[in-house]
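Look at the two complexes coming up: subunit A is in both, with subunit B in one and subunit C in the other.
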Partner chain A sequence: MGLMQTLALYWQYPFVRSALAVGVLIALCASLLGVPLVLRRFSFIGDGLSHAAFGAMAVASVLNLAGEMPFVLGVTVVCAVLLLRAGQNASLRGDAATAMLSVGAMAVGYLLMNLFGTSANLSGDVCATPFGATSILTLTAGEVWLSAALALGITAVFALFYHRIFAVTFDEDFARAAGVGAKACNLLLAVSAAVVIVLAMNLVGSLLVTGLVVFPALAAMRVCGSFGGVTLCAALFAVGCAAAGILIAVVAGTPVGSTIVAVEIAVWGLFWLAGKRRRA
Partner chain B sequence: MRARLAGLLAVLMLLAGCAREIPSTYIPPEPTATPDSGIDVDLTALSSTMVFAEVYNMLDCPEDYLGKTIRAAGEFAVYDDPDGRLYAVVVQDALACCAQGLEFVPAGEPAWPEEFPEPGQTVTVEGTFAMYRQGNFEFCHLADASMTLAAE
Partner chain C sequence: MEERIRARGLTPGYEGRAVSGPVDFVLRRGDWLAVLGENGAGKTTLLRTVLGLLPPVAGCLETPGLVPGQLGWLPQQTAVQRDMPASVWEVALSGRQGRRGWRPFYGREDRAAAARALEQVGMAGFARRRFRELSGGQRQRVLLARALCAGDQLLLLDEPVTGLDSQAAAGMYRLLAELNRQGTAIFMISHDLAGARQYASHVLYLGAQTSFFGTRAEYENWKGENAWA
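Up next, the complex of A and B:
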């Protein structure tokens, strides 16, 4: 069976179509948030927040909560607000706070699942969350719609507040003095980052979320010179890599999350070469 | 210049040291489910990622698959339950850390263990997807299933 026939066969499965649609939307909003986060040197916040989300998932599963996602979203939003404010006149600087939260949440979460977990396959449940092997392919209909709505919402928020995000990213003090509403914008970025991270965990797993956030922005910065150009380029990069990664994973039988990040690394390499040539 | 050459040489040496034949993870088989084959869902023609996802969806939304003829391949597993012996074919995800099983009821009444494969052997089973109730719970299985050992 040729490649096109295989793709046509797989396209008939509703969960493949849903995975592509939701995966592309999640990658899009992750790339949009990635640009201001990378420029503000918060590249590793994805790691910290995804580990916090893992800890929240562990608590939710131990407590047998019916709806995990709202609880996980709530906890992750709180952590995002605390982390992004930690860089502002705090005794604990941003990277140290991120490291503490990241390691602490993973350790406590895994410990709770071991001590009080009710799953028959603990190691399987724990293993699937960090790497997102098939999570995007096993979403329920409700999760598909919720993820799509949240992703579209984040994209719309970014489009609506584009100029304020731009101002706060490059010169927060000036933005504050100019009455741009820097504090509110920071809060908005924190909440959006938390939502994106929780969504992205379904696509690439908690350990690889940073790749989804960082690689599109870094690749775009190699070839584009303006904030708008970087944002647009990052979005196209993320959408293309996510679609390619999902299709390669379902055809080749590889883990979805790792495949998407591997494709991003490869394409980032091409952008790096293009940027080198551009500067020469 | 010398540093760049040294770096390039180091990378080439590393790649040469790592070079080996990379086994393919998936070779698409010839389609076995044809309009005349009587198979509605052929899991043997899908990649491991697709198989895991499809089995997950079958167990999550069984009503969409009731009455359909399913062909699946995986490791043969046996479970001794207080209510009897259960047979299953187990599939793993791409990371091989998560596994799911599809229970099946063999057609006829094969004698255990003479007419069964060894646990752990790869088998292909074909059966009709059905649900049954045990106590307060509903379970899924492949009823009236034929089983064949996978080719070596």
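Up next, the complex of A and C:
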């Protein structure tokens, strides 16, 4: 069967269409937030927050909490706010705080799951969470709508706050003097990052969330010179790679998360070469 | 409304601890105030207090008719991140952000103001260029355009020519002089005494214990021989 026919066949399945829609939307808002996060030296916040979410999930399953998602989201949002506030000026504090949160949450979460977990295949579960396994391919209809709505909401908020985000990222002092609401902007960034990362964990798993956040921004910054250009380019990069990655994963049976990030690495390499030629 | 800044007993400091003694001065339309003093005398702290970034330890400060978002501030050349992508246009336009309030997008007047500001500083043709690829003098001019976009009635400058070569510095002074001639009040912290001597109409001197405010002539009288040394 030719490629086009294979794709057409798979397109008929609703789970493929859902996965594409949700995956592309999540990749889009992760990449948008990634631009200011990378510029403020928070590239590893994806790691830190996703591990915090993992820890929260372990606690939630041990405590047998009814609504797991709100609890995980709440804990992650609090961690995001604390992280961004801690790392506001000194980049050293930012990455040290992220490291502490990252490894601490993983260790405590894993420990809790070992002590109180009821699953037979514990290491399989633990591995699946970081790598996302196939959970995006098994989303319920409710989860699809919720994820899509949240992702669209974050994209809309980003668009509305775009100029403010630029002002605060370029020169936070000046923004504060001008009364731009730098503190509110930072809070918004933190909360949005937390929501996106919890969403993205479903797509690529907690270990690979950083890929969604970081590669689009870095590729775009290699080639574009304006903030608007970088933002647009990062968004297109993310959407393209996510779509390609999901389709390849579905057709070839490879894990969705790793495939997306592998595609991003390859395309980032092309951007890197293009940037090299530009500078030469 | 002639007065732009009125300070009485203004004591700048951090967390209740004063950095310098109380200061009195008035800045009017068309004035050019050179703020002089030793390193560590509290000049930048004073500037940040005027901007509203720091609460004063004591005293009062009035900026009649001016809104915080409309003060044109040219900070010391802070290290803008090396990889920060920003075009000259985006930087200049960001000066208008303080006026937007809750409105998310820039309007026609904002764009017109940014274009006008870039023209005033002689960077009109550079709109699409990357900010970080400009020379030091060009970057200062773009940041001045940003300050003008924020507010053109009062400019607060922190060492505007430090780090610039003599030609760039001269160009900057000419720009500022033209703006001053058109009525913009200037509050300039500077270690360039020659430039201050040439252009300032008033001087505010911050010493360890004493401070002085007056016209340039009064300052020369008060300081004596070392006035511009």
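The rule we apply is simple: the second predicted complex is superposed on the first by the 274 of 280 C-alpha atoms of A that agree within 3 Å, B and C clash if a C-alpha of one lies under 4 Å from a C-alpha of the other, contacts with A are read in each partner's own complex, and residues count from 1 in each chain.
Just so we're on the same page, contacts are C-beta pairs under 8 Å (C-beta built on N, C-alpha and C of every residue); 3 or more make two chains touch, one makes a residue touch a chain.
Not measured: the values here are computed from a predicted model.
When both complexes are superposed on subunit A, subunit B and subunit C sit side by side without a clash. After overlaying the two complexes on the shared chain, residue contacts for A:Tyr110 are found with neither subunit B nor subunit C. By the document's definition of touching, of the two partners only subunit B reaches A:Thr138; subunit C does not.
Legend: residue contacts after superposition of the two complexes on their common chain; A:Trp272 is shown touching neither subunit B nor subunit C. Taking the C-alpha centre of subunit A as the vertex, the lines to the centres of subunit B and subunit C open to an angle of 170 degrees, rounded to the nearest 10. Of the two partner chains placed by superposition, A:Phe71 touches none, neither subunit B nor subunit C. With chain A used as the common frame, subunit B approaches subunit C to a shortest CA-CA distance of 24 Å. On subunit A, the positions that touch subunit B within their shared complex are 1, 6, 9-10, 13, 15-16, 121, 123-125, 127-128, 131, 133-134, 137-138, 140, 249-256.
Contact residues on subunit B toward subunit A in their complex (touch as defined above): 25-26, 28-31, 45-50, 52-54, 56-57, 60, 93-95, 97-99.
On subunit A, the positions that touch subunit C within their shared complex are 39, 159-164, 166-167, 169-171, 173-180, 220-221, 224-230. Chain contact summary for the complex, subunit C toward subunit A: residues 51-53, 68-69, 71, 73, 75, 78, 80-81, 83-87, 89-91, 94-95, 97-98, 100, 104-106, 128-130, 133, 146, 150.
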